[in-house]
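Please read through the structure below; I'll follow up with questions.
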């Protein structure tokens, strides 16, 4: 694949000089000057809305900078389009995967450069051969099948497709915008191995992530953005989390995980022998004031289980009880009525009204409480929205700002705000901190703790192990649609969780204790 | 999609919300929206041009003519707006109006001239037709376009069968129907009042009630709407029923205007006019976007244009060319003002 | 076989043959959802029942392509004879040829068609397909004459009178009618009255809308004369004028068909609809079937042209004419 | 969206992709797809029913009639499939065919009977009309529905103006046109051959060339396509040009069939038929999904139905009802078999 892009050439592979970018009133970038040397992984960090994605999109030719210039291998270039950027050896893995739904994974990966036979005929056999060999070589053969249709991919697989698109073409600069936000540890490891190999071959790698641990494992340099400005560049070996966080948020963060709660005994949510198309015989309890984390690898079936618990996926057999009463789950409406709040995994596809305002997006789930005689009180709605914007520190110019114009992390906060606005008794959060910066994460963890302390039973699905371990009172591990084990907070550590998540011998599936 | 289109979109929630913090001029501009500003501009240009070409154009009498002419289309366009905001489409509205027209005249005749019963019968039939559409779509899982194309044909057949292919009854001996056809209230014709009342009601429904918000939610992202606990199916069936009711009102007006129940004459082709107006008025056909204001402006723009071309006596062949060309020009100007980048399909 | 102008069995010179057994006749009509043609179909069905023949009625809409398909279909299904009202006369030769190849006699109903070319008005007399019905120009002439009479009686000043001619401008037979009406009017009155051409889709609401706009552009006109392709056009235009403030006395509408005019008259109120040419579709349908069956069963040659009765009716005498109002 | 629709999707890529590992029967079933299976089932039911009702139906002669009848609609439906797969829509195809029909006859007549020139002129006009559509949409940023509704009117006007509202010329003195209208090759009519050739060409284009795959990508996710460096604008304009060319071919066939250039008769309403067939054949109107096979099946299903209703002599009013009802029933059965959950709008 990627040939050696001559690491011996002088100067950085890519540099930006005094880049500015304005979006109708939002000053996203204000004078960024930064270079990306060959053979180096440069991490871009910063709070949600700091401008990381905007910078990456400028590098990709997707946005034109308002001022400043981009230099590719020392030469100033005007990048008119992503295709243009590609021609100059720049490849970007965007924050939100863009998948073509009704074609195969193989076509999705090689889109725009499909192998041809003479006469523009598609070389279909060649395509699949190449796909298979690339998957093998890159180490993702187990994670995704070349024939699967784009529309049937899980979020993690969608992200993999974006990664594969970049890795299967030649490039001198590779930019990853939060590639791991929905990958689990295992895939992350494989990806890191690949990135290191590419770096050693002389590529310049740009890497955006909110996961502090990843950054320190992977990056050579850390550049921190704050409010559209460069807050500092540090050598990864000569800095620490504390300093980076200070650069990002301008202050020290105290403990990431708060814990002011104590679980009570009353079981609020009981899952009994639930089986769906992809999940079998799940037993699970969540108590009042308890946080249970569901861990597992990509495709373990956690999201499916969550969807079943909120009535969005039909339950074939088994029972769900809330407060001891069996629940008829025909549609998500039944779950909402029973006091179950659910924040799904894919915010764009499943949760957000992208062209609606922040206020609309928060208020839409509590209209029954905002209305009088079916007329929605605009003032009440505004107050409610403002309350959550303040509480979750959602960075938005106004309550009437369109949600699609918010940064990814802030969009996630809007999703959470909508669920919290209903004050649910049970909260199911599928990857709640996906793409959220460390400051906001601490905020959300504190919020989860607060809610639990107030008695809410919380089920969190997360692919980030530190989050699982830090948050949970109990960790339930799934693999292949089954629960493979349950660990108390005291026994849970990374190895124990991973061991259960990858326990390949499933002859005797362990199940959660039916309390 | 998200990254290229930086155009300011006319959002459901945006206009009403920021109101009390903004200054009045901006409030007005905000409430009107960029789309509507362009339409108002186009309307001014059209009216100006025809006034200059013929002084019979900008007269009270001719304005009334325009109003009456667009009343039926306007009703259907307004209710089509609701359907489109849901992310659906109702192509059968014209046929529904035809059935309602025939039924109103036949019920009127067979009850020896009871206008109220005629209208009630028409509305009942409209609801039934709408509910059938909704059920076929939601529970039969038939794509709205195909489903309503099918009922477009089916309802047309029903109207023809009921009427035996002939205009039915004669209603202009009845005071009520004469009132609908020629009456005026406060100087405005009854037909325009009907349109105004329906339009205001639908506008309030869409913008100020939770029902309206849920409709925008369904059209904006149906998965999210479902997960938020909205009973999408109930909403969709109700919206189609509403379309049926409004189509029935349009049918009654048709009966009054022409004097008898017309199975197809006068209602054929209305669906395209209604959809054109809604789309020109800023409804996104994929749902979640649009409003009554824009649609009405578009209806009046198209009506003013068609009337003007006839006032100045343009040959009907040239009218087709002119209407098509002007429609394109209006939208192109509107879009150019947005300064959107020209890549791929516009929304 | 298309090129030679060999007269098929449909032509008057074709050898009449006689058939026994069940006879299958196809009646293909343009605009089958229009009232006149609905009546025509009813008349045809009634006659077929009376004569004991199988009759199939097909609505061609305005679609010449469908006309071709349906004649082909009738031949494929071994129909013995075809009666057709073509959506456009230009499709005539093709239709003649298909029916000829299928060996079925062809009878034109209502609108003329030519064996050899698209335009029946430029067709040699002996190349016209035998026809039952009305002549478009002839009907137009009757309408124009009646309008001229009314105009004469009224004593209106030609300078402040205008004529509205409303029709669907891409339907050739409509154009023929209104042209003939104008010709006849001009000849009968010699007056120079302005004619405003109003393009419609042949439905009352559209005629109403378009006429209303035309009226706005011609406010100086005091008196109106209206004719058009059919009753739909005339009645829509007259309604628009009356809604626009012209009294019944200032409008002379001469309908064509009478089925909508009669509704106005039935209400007993004064109407701008002063007369209408009653054309009896029911009778035409019956006559066409009779003519076809005579040919098929009894070997009787088609008459070159057979006309059903037309009658100019007005509010005083329409009830006696046999015009039925729904 | 992703979570509810768990139905096995009738996919372009599925069949081809896993092909070499699967056994032949499954390969065939896979290639045909669930959608097509339903359509074939419906076709069998329709043909069976009419054969049983009338023995004039399933004859060679009548099958030829059906073939000839659907040729024009079929051509437009096939090319509409490509447009819809792109995520767009071309409502103006009928008018384009009308212009082409008039132009072919006029060019033929004015060149003293040169058929080749007539056809070339028609195709030239078709390309021009298509490119105008494409440019208005892509560079004028006009929504495809509005743009082609506008050009539907405009091109119709152009055809009427060119023809002065009357059928033009007479082509049945020319061997070539006679050959198109009545000729047969290997027992199949020239019209059917034309449809077959165009359909196969478009099928190969869509399924077996990178151009086709890029078209699916554009319709499936235009952002993904753009980021992958596909020149979306070029593709869209080309697809509209292709639609223009095929509409022109349809126009020439119309000329040959009817014997003269028809400005509107024969081409009006074809757009709806074409879109109905494409949608019934499994094209998702939001793009990225569908194929020529399904569309053709739908075309033949609708053609067989319409012909059958006439064969058994159903009154045209009942035909409307029957066609609408059967269309709904066909889709409902097809969808029921998918076992999709009945929530929200079907795609």
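Going by the order they are written in, the chains are A, B, C and D; count residues from 1 in each one.
We adopt the following convention: contacts are C-beta pairs under 8 Å (C-beta built on N, C-alpha and C of every residue); 3 or more make two chains touch, one makes a residue touch a chain.
Chain-to-protein mapping (UniProt): A = ABC transporter; B, D = L-arabinose ABC transporter permease.
Keep in mind that what you see is a predicted model, and the values were worked out from it rather than measured.
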Top chain pair, ranked by number of contacting C-beta pairs: B-D
Geometric centre distance via CA averages, subunit D-subunit A, whole Å: 43
Centre distance in Å when subunit C and subunit D are each reduced to the mean of their C-alpha atoms: 34
Chain centre separation in whole Å, for subunit D relative to subunit B (CA means): 29
Multi-chain contact sites of subunit C, meaning residues that touch two or more partners: 32-33, 169-170
Multi-partner residues of subunit A (at least 2 other chains): 62, 81, 312, 331, 344, 349-350
Shared interface positions of subunit B, touching two or more other chains: 2-3, 160, 165, 223, 226, 316-317, 319, 343
Chains that touch, pairwise: A-B, A-D, B-C, B-D, C-D
Residue ranges of subunit B in contact with subunit A within the complex: 2-3, 6, 8-9, 11-14, 16-19, 208-211, 213-214, 216-217, 220-221, 223-224, 226-231, 288-289, 343
Parts of subunit C lying in touch with subunit B, wherever the complex brings them together: 32-35, 38-39, 169-170, 196-201, 203-206, 208-210, 212-219, 232, 235-236, 239, 243-245, 259-260, 263-264, 266-269, 325-326
Subunit D to subunit C touching residues, read off their complex: 54, 56-57, 59, 61-62, 64-65, 68-69, 72, 160, 165-167, 169-170, 172-173, 175, 178, 181-182, 254, 257-260, 262-269, 307, 310-311, 313, 315-317, 319
Contact footprint of subunit B on subunit D as seen in their complex: 1-4, 86-88, 136-147, 149-158, 160-161, 165, 218, 222-223, 225-226, 232-233, 236, 272, 275-276, 279-280, 285-286, 316-325, 327-328, 331-332, 335-336, 338, 340, 342-347
Residue numbers on subunit A that touch subunit D, as the complex places them: 60, 62, 81-83, 86, 92, 94, 98-104, 106-108, 111-114, 116, 120-122, 124-125, 128, 146-147, 149-152, 165, 277, 307, 312-314, 331, 344, 346, 349-350
